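Below are two complexes that have chain A in common, paired first with chain B and then with chain C.
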Partner chain A sequence: MKKIIAICGSGLGSSFMVEMNIKNTLKELGVAVGLGDMEVDHMDLGSAYPGVADLIVCGKDLEDNVERFGETLVLNNIFDKAELKTKLETVLKEKGVI
Partner chain B sequence: MDGIIQFIIDFLGTPAILIGVIILVGLIAQKKPTSEVIRGTLKGILGFLILGAGAGVIVGAITPFGQLFEEAFNMQGVVPNNEAIVSEALGTYGSATAIIMVIGMAANIIIARFTRLKYIFLTGHHTLYMAAMIAIVLVVAGVDGVLLYVLGGMALGLTMAFFPAIAQPTMRKITGNDDIAFGHFSTLTYVLSAEVGKLVGKGSKSTEETSFPKGLAFLRDSSIAIALTMMVMYLIVVIIAGPTFTQGLSGGQNWLIFAILQAITFAAGVYVVLQGVRLVIAEIVPAFKGFSEKIVPDAKPALDCPVVFPFAPNAVLIGFVVSFIGGVVGMLILIALGNTTLDPMVILPGVVPHFFVGATAGVFGNATGGRRGAVIGSFVNGLVITFLPLFLLPVMGDLGFANTTFSDADFIGVGIIIGWVATFNQAWLVTLLIVGLFSLPFIHAIFSKKKEAPKAA
Partner chain C sequence: MLDYKDYYMLSLLSHSYQPLSVDDLSRMVGVSRRSIYYSLNKINDFLESHDIPKIENHRDEGLSLFDDTKSFFKYDMHQDLSEVYVYTQKERIAIEIVLFLINQKQLGIIDFEELFLVSRNTVLSDMKELRKEIIRFHLTLEYDNGNGYYIAGSPIRTRSVLLYIYSSYTYLFKINRFDLYDEELVDTVLMKFKEIEEALSVSYVIETKETLAKMLATVKKNTLNPIIFQEEDKKILEESLEFMIVKQFFSDLFDVEEIHYITLHLMGLRVHTSHELESQDDAYIKKLVNFMVKRFKDLTLIDLQDEQVLCEGLYFHMKSALIRYKYGIIYENELKEDLKEQYKAIYQISERIAKEMEDMIGHPINENDIAYMAMHFGAHLKRERSELTFPKVLLVCLNGVATSKMLRKELEFLLEHIEIIDAVSLDEVEVYADQVDYIITTIPLDLKDYEQKTIFVSPLLTSIDRDRLYKIFNNVHQGMEFEVLKKNIVEKLEKNYSHELAKDVWHIIEKEFQKKSNKLQFVRGKDQPMLNEVITEDKILFKDHVKDYKEAIYESGKPLLDEGIIEERYLEKVISNIHEMGPYIVVAPNIAISHARPEDGVHELGMSMLMLNEAVNFSEDKDRYVKLVVTLAAPDEESHLKALGQLSELFMNSMEEIMNCKTKDDVLKLINQYSI
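Presenting the complex of A and B:
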């Protein structure tokens, strides 16, 4: 697992905040972030394509739009850091990253 | 000697380089590694240049639309779209916008640190757009030089703390806690929608107690939404203006093909501009967030509008659809007024503002007035964001004739207030307005009984 992308409708504000939260969470979980390690980025719905990342993070309202691009992590509250941490930790453990 | 001065003027007078310098200083201040400093600085400059390239594409696609609309209806048609107007504005007001943005973010931190308005506005693209808006109206008002930057920055900082504050009572209702604030510059219509909800919503059930078809979800993809609505609008104007007139503009290309291509080109331009905006703010916002968290740890982060969408997904769709209907009704009223002495410009319903702003108005209306609140609140929102730009266009100078304008209510509200005061042509009056408003929260903090002793910064 090499790349995580946060997606929102316009790819400007929300997904960017989520990206920053993901980066912080990864640091807390001891996962190295950056090129060659775990890449984290954000984009809008229109720029995404199937296989864009190993994991896509989005809010519950975009679940139906994003599913076709690959494995998704859906947040009920996109800015809830605790929810993100719990869910991300589970996925990372499944994938053997941590 | 002249060569050196010219070099310095060109260096700092070029907005893209100015942005680069600002980011460079920010990254060095955060003690980032060299590779990160080089990467971030270049990406910021790259973003700004991409923005300019996108502006060219948008102007190329919206200009024939303006001509066609005039031929068809004998009125001027305006498509409100923040990205389009900002990218055009940055051609002339780029340097002023960049400096105002930086001073504004500093002012926001100062306000949050020393007053009760403890909000840090983290929606970076809206900060950029508001900076551009303020730069335009102040320059048109004749303010320039250092005064332009300082007044502009104060005005921007104030909007960044004030608007989240007025949204907070409803935000508490929506999210059920007081931890996050709301930062999206159409707060005036959101609060209006919440107030309308209170008035009409007595006993109305929440939108979330019904199931609602999700067939419109594909419009969440803004490129698709823009392309589709522009296509509809373009086809309407070419059909009324007629093939002969259209093919005069298209240089002989088939009129229908021309209409469809121009509509999608407009969407392409917005896509390019957004890519540029993304690169620019991606380098600025983390620094702003980092500094503000250090200096004002107890501040509430004011976040982008989709923050409220998951709390009421049905209200999101209802808000979008009903607000769009409001926009269409508003447009029809304006067209009907075209034959009277008022002869207004026609504000067309842009799908992006109606989606994001309408959806949010729906959530706010639902929070205070259930289903009825969501429907009526977002309808009022749709009408208001259609009529408000009419009052903004006259204070925007040459950009008032750009066939596009700001779409969200706070940009327009702030523009109208500053622009109206500026029509008196007295720089001191504008200064008094901004300095006066800026000092209010500080005065309030000093006289407030529950004032906490400021901690050492």
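Presenting the complex of A and C:
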């Protein structure tokens, strides 16, 4: 697993916030972020395509639109660090990253 | 969006009783024929979308408007240009500089707010940019407590900058909207020029005459300080052919200092045939020429064979050019538009060198002169039969539109030396693939033939992508050598010293190299305001309840709409997005971030905030209740990121506090806390 992408409708607002949170959470979980390690980025729905990342993170109302691009992690509250951490930890463990 | 030129062109057409040719319009608007055609298409699209008959093009006669169309525009166009038209920052700054320079009265922020109908912050940002712009020409923006701003500097600098703006932004000053000069005097001066042309049996380029006439009328009306010439310069001027004639025709209108000034300009117009007006400072000219040639070599990575020939050509050019720069003498280059088109790459490089030279000499260099520089470089390369071409690049994305537009902007910023041919969708790739050197794509391509030249990137470039692209395009020449050098050093260190030392050195080199490519990203991150600079007191609203989410979106965006930061269609777009994609802007329970994309009608950065006492549902079938609606207007991909990051921190750590805020002060306190 190499790449996580946060997606929102416009690629300007919430996806950027989520990207920041993912990066922080990864650091807390001891996963290296950046060049050659785990890449984290954000984009808008229109730019996404199947296989864009190993994991796509989005808010709950975009789930139906995003699922077709790959494995999706859905957040009820994008500002809830605890929610993100729990869900991300589960996925990363499943994939054997941590 | 129609721009000033388009509106001006429309107003000319609607006031004209006869058809106007493209040449007429190009002359009257003061832009190239190509931009007239370009405007024409834009205007017709605009007319079509408003169900108004389009501009007619009669062969041999020219362009005209139907009466219906005329009456539609005649009513409001001329006077209301100011209200309809939103000036770009560049245009505003040009106008602001002119208004300062003519110094009718000292101007305050409020004057510009009213003139351009923009916010205080916008004017403040203009002043910041303006300061930077004029300091290069040794002028300074001063502030006189209580009276406002004014520009200080010597008459030579003042006039050369004024003339530069008049000639570069011709279209902005065609309508005497700012009352800069008496139109009658302009006509009188033009008539006199005509008589001078007859007396000297020469003919001057019409645009030059018009600009000069406007300049002289401006000088007169605003009693600008005269330039006092040094004795030896005066002597040269007075001995010239032009002086007697100018004196004869203009003595009734202008003092002797202005007669000198006019003479200087008229002499300048035939400067390539006269050697009277030339800089004598050989050492300085040589220094400049060496600088130009060196920068040209740096920027193009071309090893010039016969450098001496090029230097000589530039030397003679600069000898007369220096005087022109100093006094802002206009020097028409009729090939300018062609040069720009044909030698695009060389012109761009010349432009960049000219900018750097402006900083050295402290005078503006106008497009005509840049075109001459490009001619020298271009001709020389031709002589050497070496061709300067940028690698041609094709962009590919899923639908060929939105993503690639962003990507294009980003690539053009990141890589100076590429030429992007087109942005296409997957189906069209093969049409172009043979003609380009590289294909940059955001979707995996399965084209074996072009594997070698395909570069796969993410739609929003990641740091890895940037790094790779930067290496491919900017370091093609040095890249390989660098890698070899690095390897050799490390191997030697390892052999003679220790493995550890070699490893450390390796890291240092890597880091330094990383810094070099990161520098580009820093430039991109400039000017990101903080949260409390964006959400100010007037951007916070409280309301008991709204009838539905649409009202919530409108109410929340109202402060931005009122200030002209966004257009109404921006809010409409937010609503239609919700229709299409669901209430995805509800990013957390109780919180919605109402936003669309920059191209949906955003003029500048802004955020506003609506707090509701009673929650409103953003969905028809699900529970998506919201009490706090933030409208976010982002003019590009970058400028809002700092403020948004801070807002995000606020929501993450102080959700309860923000939801319990009862007054603007409460909210502002929280905002300030996170604006660090």
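Heads up, the rule we're going with is that the second predicted complex is superposed on the first by the 98 of 98 C-alpha atoms of A that agree within 3 Å, B and C clash if a C-alpha of one lies under 4 Å from a C-alpha of the other, contacts with A are read in each partner's own complex, and residues count from 1 in each chain.
One rule holds in what follows: contacts are C-beta pairs under 8 Å (C-beta built on N, C-alpha and C of every residue); 3 or more make two chains touch, one makes a residue touch a chain.
As the structure is a computational prediction, the values presented were derived from the model and not from experiment.
Superposition of the two complexes onto chain A shows a clash between chain B and chain C.
Once chain A of one complex is fitted onto chain A of the other, the partner contacts of A:N21 are limited to chain C, with no touch recorded for chain B.
Of the two partner chains placed around the shared chain by superposition, neither chain B nor chain C is touched by A:T90. In the superposed model, A:K81 lies in contact with chain C only, and not with chain B.
Of the two partner chains, both chain B and chain C are touched by A:C8. When both complexes are overlaid on chain A, the residue A:E39 reaches chain C alone and has no touch with chain B.
Touched residues of chain A, counted separately for chain B and chain C, are more numerous for C.
One listed stretch of chain C collides with chain B once both complexes sit on chain A; from 116-124, 188-196 or 260-268, that stretch is 116-124. In the superposition on chain A, the residues of chain A contacted by chain B and by chain C overlap at 8-14, 16-17, 20, 42, 44-46, 59, 61-62, 64-65, 76-79. By the touch criterion given at the top, residues 397-399, 402-403, 442-444, 458-460, 462-464, 467, 577, 581-589, 591, 593, 595-598, 619, 622, 624, 632, 634, 637, 640-641, 644-645, 647-648, 651-652, 655 of chain C touch chain A in their complex.
Listed in rising order, the residues of chain A touching chain C in the complex are 8-14, 16-17, 20-21, 34-36, 39, 41-49, 51-52, 58-59, 61-62, 64-65, 76-81. The residues of chain B lying in touch with chain A in their complex are 122-126, 175, 180, 184, 214, 217-218, 220-224, 271, 274, 277-278, 281-282, 285-286, 289, 303-307, 309-311, 313, 316, 352, 355-356. Residue ranges of chain A in contact with chain B, taken from their complex: 8-14, 16-17, 20, 42, 44-46, 59-62, 64-65, 75-79.
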